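Across the two complexes that follow, subunit A remains constant while its partner is subunit B and subsequently subunit C.
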Partner chain A sequence: MPLRQTTIQRAERSFILWMLAPATILMLSLTLVPFLVSVYLSFTDYSLTAPETINWVGLKNYSDLLSSADFWDAARITTIFTIVAVGIETVLGVGIAALLHHEVRQAPWLRVIYLLPMAITPIAATFTFRLMFNPTQGVLNHLLGLAGVSPSAWTAAPETALLSLILVDVWQWTPFILLIVMGGMAALPPEPEEASQMDGAGPFRTFFLVTLPRLKPYLALALLFRLIDAFKTFDIIFVLTGGGPGVATRTLNLLAYKYGIEFLSMGYASALAIVMLVFTLVAGQVFLRRLGLFDLKD
Partner chain B sequence: MTEITLQSVTKSWGTLTALKPIDLHIPHGEFLVLLGPSGCGKTTTMRIIAGLETASSGAVLKDGADITNRLPRERNMAMVFQNYALYPHMKVLDNVAYPLRARGMARADREKTALAALEKVGLAPYADRLPKNLSGGQRQRVALARALVRSPDVFLMDEPLSNLDAKLRGAMRAEIKHIQRETGITTIYVTHDQIEAMTLADRVIIMEAGEIRQIGTPDQIYDDPDNLFVAGFLGSPPMNFIPGDIQDGAFRSGNARIAAAGITDAKEAQLGIRAEDITVVAEGEAGDLAVTVYSVEPTGDATLVVADHGKGRLVLKADKHFRPKIGATVNLRLSPNGIRYFDSASGARLRTSQ
Partner chain C sequence: MNREIRLSRRQLMAGAAATAFGLAVAPRLSFAQTAEEARAGFAGADVDWMAFKGESLTVEAMTHPWSAAIEPILPLFTEITGISVKLNTQSETEYTSQMPIKLGAKAAEPDVMMIHALGQFVSAGWAEPLDAYYADKALFDAAWYDQDDIFAMARDFPAQADGQNYSMSITAEAQTLFANKAMLGEAGLAVPTTMDELLATALKLKTDTVAGIAMRAKSDSSAGPWTCGGFVFSYGGEIIDGEGRCVLDSDAAVAGVEMYGRLLREAGPIGVGNYHWYEALNDFSSGAAALGCDSSNFATDISNPEKSLVAADAVYAALPRAGEHPIKPNIWAWQAGINAYSKKKKAAFLLLSFLNSGPGCLLSAASGLATVRNSAWKSEAFQKRFGAEASAAALLNLNSGDARIFKAAWFHKKSSEILDPFAVAINQVVTGQADARAALAAATTKINAALKG
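Coming up: the complex of A and B.
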């Protein structure tokens, strides 16, 4: 039989509960409740055009969704956007981190400069890009013209719209990868790199065989954050293309916005949001497991 | 055949001077130990030889060729690090094979050679493990095998044993010395542990504050220290010092008079003598120095007696059955062959003028 709790222990316990209560209640009401509501809605035909009727429709929203061409098209665009953007960000972030690592002691302000894109208000940056992308007045086409390259339609043409969005995402989020990878490089002991040099390896071999594998836990973490975030990117797409031209840049999140906010079919949009959430959770888990994270300590 | 020469090598970071001009010649096959307290510049010296640091001025020569600005990988030197510096993501075999891989050897060949090197350090059965699944001693052996695998021109060892426990350290010490003798490879070994220095070295370099204080064989630096620093750094217990002055061929400290024939007069001098050169005289006999017993420390093979001599304390090594009472007065004889004189101000050794 467990020891009887003393009065002091009980008082302490209730004190802890009281202190935790506000944050817990806030958390639950702001995340769990909306989540449960949207799970419920996803099984109904609830629409803001007829808010007084809610009918249980079972899995109909899900089956409609998974058999719609719009959904699969958006899924394809989302996948391309996520993988290409995060891929470029990773290569650039790791590359710049590797180059900066040895220099930063001489020029610490370089690090600040590289982090600026992350610090700028996203909406301000995005509107600036909208001006820069403008096919006739934009600075990008002006610069291309100076270099003798024919102007691009940027976000105005279906062929280049997605690429333009990727460009903005890369500009904004490469620093994130850079930051985490540089943190990793600073945290790892330098001796294995030195050992590699002594062992006769050149800088490339040292980087790919010794540095990069040891950065795996940091890189995986950065990638996980970035993949999840890129997968549900909304702001830059909404401001720059609104999903267009046509449906060229309509990602899943834009599609959910369209169904929910424009067409007011909350049930259907909720189902789409739940699908995205489940996909993110499953993919994240698989990603973490496959990489066997956090067991590289020596 | 590999010899290393340092010509007026210095190193400074901004206003911080780590190395004052260092001149040094290491002949082929020598086991050289750089010994000194932390921050004395011994590791910096080794890293300059390795190429992991560049000298601020001066030159590093290998077999007469200037390698001051060569990259580490162009120097064909192997290094063993204090914290092993194994590649944590590679199996033991791949760790050892890495230097061969860097030289473009085919996989089958390098694995065979690496396995042979692992056998030499008794770790062949662990070839498929990751470093994290090995003990500290085993990891250091892997690091040794990795250094051995490609027959380098020079071995550099940066405090390789200081992360190991005392017992293992003794065993590894013997192993390192054996391997060095067997291969005859010029070896530079950095340590702050004087026992390692004495037991391993052909020659020891004692450094302090970025300067070489003395170079010599272990016997030379132990028996014939050039200055107070070397005398006080070596030996366990370290050399005892008694302050006093020297006048007309005699050292005077309190009532004690000790012969200092041929030594020039000095206002402030130190008499240095090691614990084993002090003997307790039989009761009633006169000695050189009368002391009061402060503490008695039996060590098994001898008894260390800590005693006050009026101007400080000294430690002497007495017979293992000697058990004086604390506070007792004991007369001591200082063996004339064990006495060394130093100038207090400069720390320099005062030698007999011929």
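Coming up: the complex of A and C.
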């Protein structure tokens, strides 16, 4: 009997492995292999203009990168963009979720309206914003004019370019935070809030002291996704500013594009991509551990 | 004696319909007529056009006047050679980012391609050397092809340091000044002929709703450097000198960029820091800018009343002079070549020489394309589409351009690493982030470091 059981178990295991094999091979070839190739390339001087001569350069790409002013400038811009955009999205997302939590039962279509920006193709939304930001023919300056405010150059001025990009990101991704927080609120039992209100706490006090702490796991998830995504933002910046004016909006991703696709220095661009990956992993871990936001036991 | 003309609604409608039909059909009639002439022209070549009958070629190109102009000619090529051709077009951004990856992977397609960075394509081995094909008498009839009919700058552009030609020039463009004569007239001003006059005129014409001048300034290697390059050259500067060093920090280059920056900072449209050529063209064509300075090819759109509100008011002139320096507007000749990994190189050469031959250029010129041949520029069909004044100004500017100083930067194998810091510097000057000397000093350091690396 035990022998027969073992045979059956082995057959089952073999069957499971065979069934998983296609998906595993596909996943490995689409993710792990390109990643390993990138890691290898980051230690070489590989350039698409001289594909026959790949030389091993060790850590040179990394040392060049970390001693380059362009890299640190781009890292600073990326950090500002990520923190400010995700910060505003979180405040707005949580705020709107709190307001909508009770209202959506009466008007469920409100939820659809708030989620629309996230459903629109990012590139289409970005091109629409490009028209809206147009300093001479765009609707934003027209509205400013109606309010008696002088027109802004928006994405074309170094003072306002990054803010304009943050505005687009906030418009597009606040609904993501909103969706997750609203889901979290719907899943939470209402008794603690009811008890708090019976004890005489007002709606603000109840929200900040009772509801918000219980939303921590949901918020952590939303923030983690958004921070990683905002850190990698490319489409909005590429279409609206291309990294300009000057280098005022040249983020790490734009810099990697510049070195990889324009300068064709694949070794250097790979090193930059690996540094970005390491930075994202480390920052994600620090975020989760330090803030303890992902402690599901709470 | 004034005679009042009254038209009934029916007469008006009939007139409008006839005009619309005429406008729609006239270019086609002219093209058909030219096609007949071209068919006879191709028959005069001592080339075995049918040598590769049955083959099929792929052409990869940007969405560009060249691809638009050759599209209607390709059926004639198929008729004469028996070779079918598939033309793929993409936006410039897509094309420039996709082609290096495709060619880096040694893809056999496309067979014929537009080349946006010749130095890069040659050093990477992506562009097939063409001299052996030119020497092949079965493929190429030199007497019939008549190289002398091609502009000198266009002949000079494909030649590389090793003496080989890796491409063919397919268009000829020169930096040209555009002015709205109605706006100039209202202000009692003439078309500026010096840089100082250009600045003074642009400043006088600037109002709250109209920019004095619109030019490219976006922080992008394909934007500001080309137009600002003409200013640098006309002030006596260079980007890359004869010894291969970047010299953008020279006094002459600084003066050129400073003038370019002042023009746009003080007389340019709001938001000019994000202007590429299409924004500049749009502003001038819609009457939102009184002056413009960009490619001579813009004349096709500016003088087309269907695309431009200033078709009747636009005048074209030489780039203004800077002090005693010779005028050196920037020039450009788009290139097309054969993919070095193509399996059908001879058929591909046949297509390129067909399109760039005298009859081929006559056909594409009939669609308004600024080809590389004198005969095509002089043709009636081209003069009608491009405008006689615009073509005269473009020819003047083409002959003033200096192919050597252009090629030193734009056809360098590291052209992207040269033009990107230059574009950033121009943008910083235009948007007031830095003065010309500081911005160009930083760009020069960066470019020289990249050239050494």
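Definition applied: the second predicted complex is superposed on the first by the 286 of 298 C-alpha atoms of A that agree within 3 Å, B and C clash if a C-alpha of one lies under 4 Å from a C-alpha of the other, contacts with A are read in each partner's own complex, and residues count from 1 in each chain.
Note that in this section contacts are C-beta pairs under 8 Å (C-beta built on N, C-alpha and C of every residue); 3 or more make two chains touch, one makes a residue touch a chain.
For clarity, every value in this text was computed on a predicted model and none was experimentally measured.
Enquirer: One more residue to check, A:Phe35. First (subunit B), second (subunit C), both or neither?
Expert: It touches nothing on subunit B or subunit C.
Enquirer: Is A:Gly200 touching anything from subunit B or subunit C once the two structures are fitted on A? First, second, both or neither.
Expert: After superposing on A, A:Gly200 lies in contact with subunit B but is clear of subunit C.
Enquirer: Is the number of subunit A residues in contact higher for subunit B or for subunit C?
Expert: After superposition, C is the partner touching more of subunit A.
Enquirer: Applying the touch criterion given at the start, work out whether A:Arg214 contacts subunit B, subunit C, both or neither, answering first, second, both or neither.
Expert: first
Enquirer: Considering only touches as defined above, state whether A:Phe287 meets subunit B (first), subunit C (second), both or neither.
Expert: In the superposition, A:Phe287 touches no partner, neither subunit B nor subunit C.
Enquirer: Report for A:Pro189: first if it touches subunit B alone, second if subunit C alone, otherwise both or neither.
Expert: Touch partner of A:Pro189: subunit B, not subunit C.
Enquirer: Sort out for me which residues of subunit A touch subunit B in the complex.
Expert: Touching subunit B: residues 189, 191-192, 194-202, 205, 209-210, 213-214, 216, 296-298 of subunit A.
Enquirer: Spell out the residues on subunit B that touch subunit A in their complex, using ranges where they run on.
Expert: Spelled out, the residues of subunit B in touch with subunit A are 50-52, 71-73, 76-79, 81, 83-89, 98-99, 101-103, 131-132, 146, 150, 156.
Enquirer: Please output the residues of subunit A touching subunit C within their complex, sorted ascending.
Expert: Residues in contact with subunit C: 48-52, 134-136, 151, 153-158, 241-248, 258, 261-264.
Enquirer: Give the list of subunit C residues in touch with subunit A in this complex.
Expert: Contacts found on subunit C: 96-97, 100-101, 104, 120, 123-125, 218-221, 269-275, 283, 288, 413-414, 416-417, 420, 424, 427-428, 431, 433-434.
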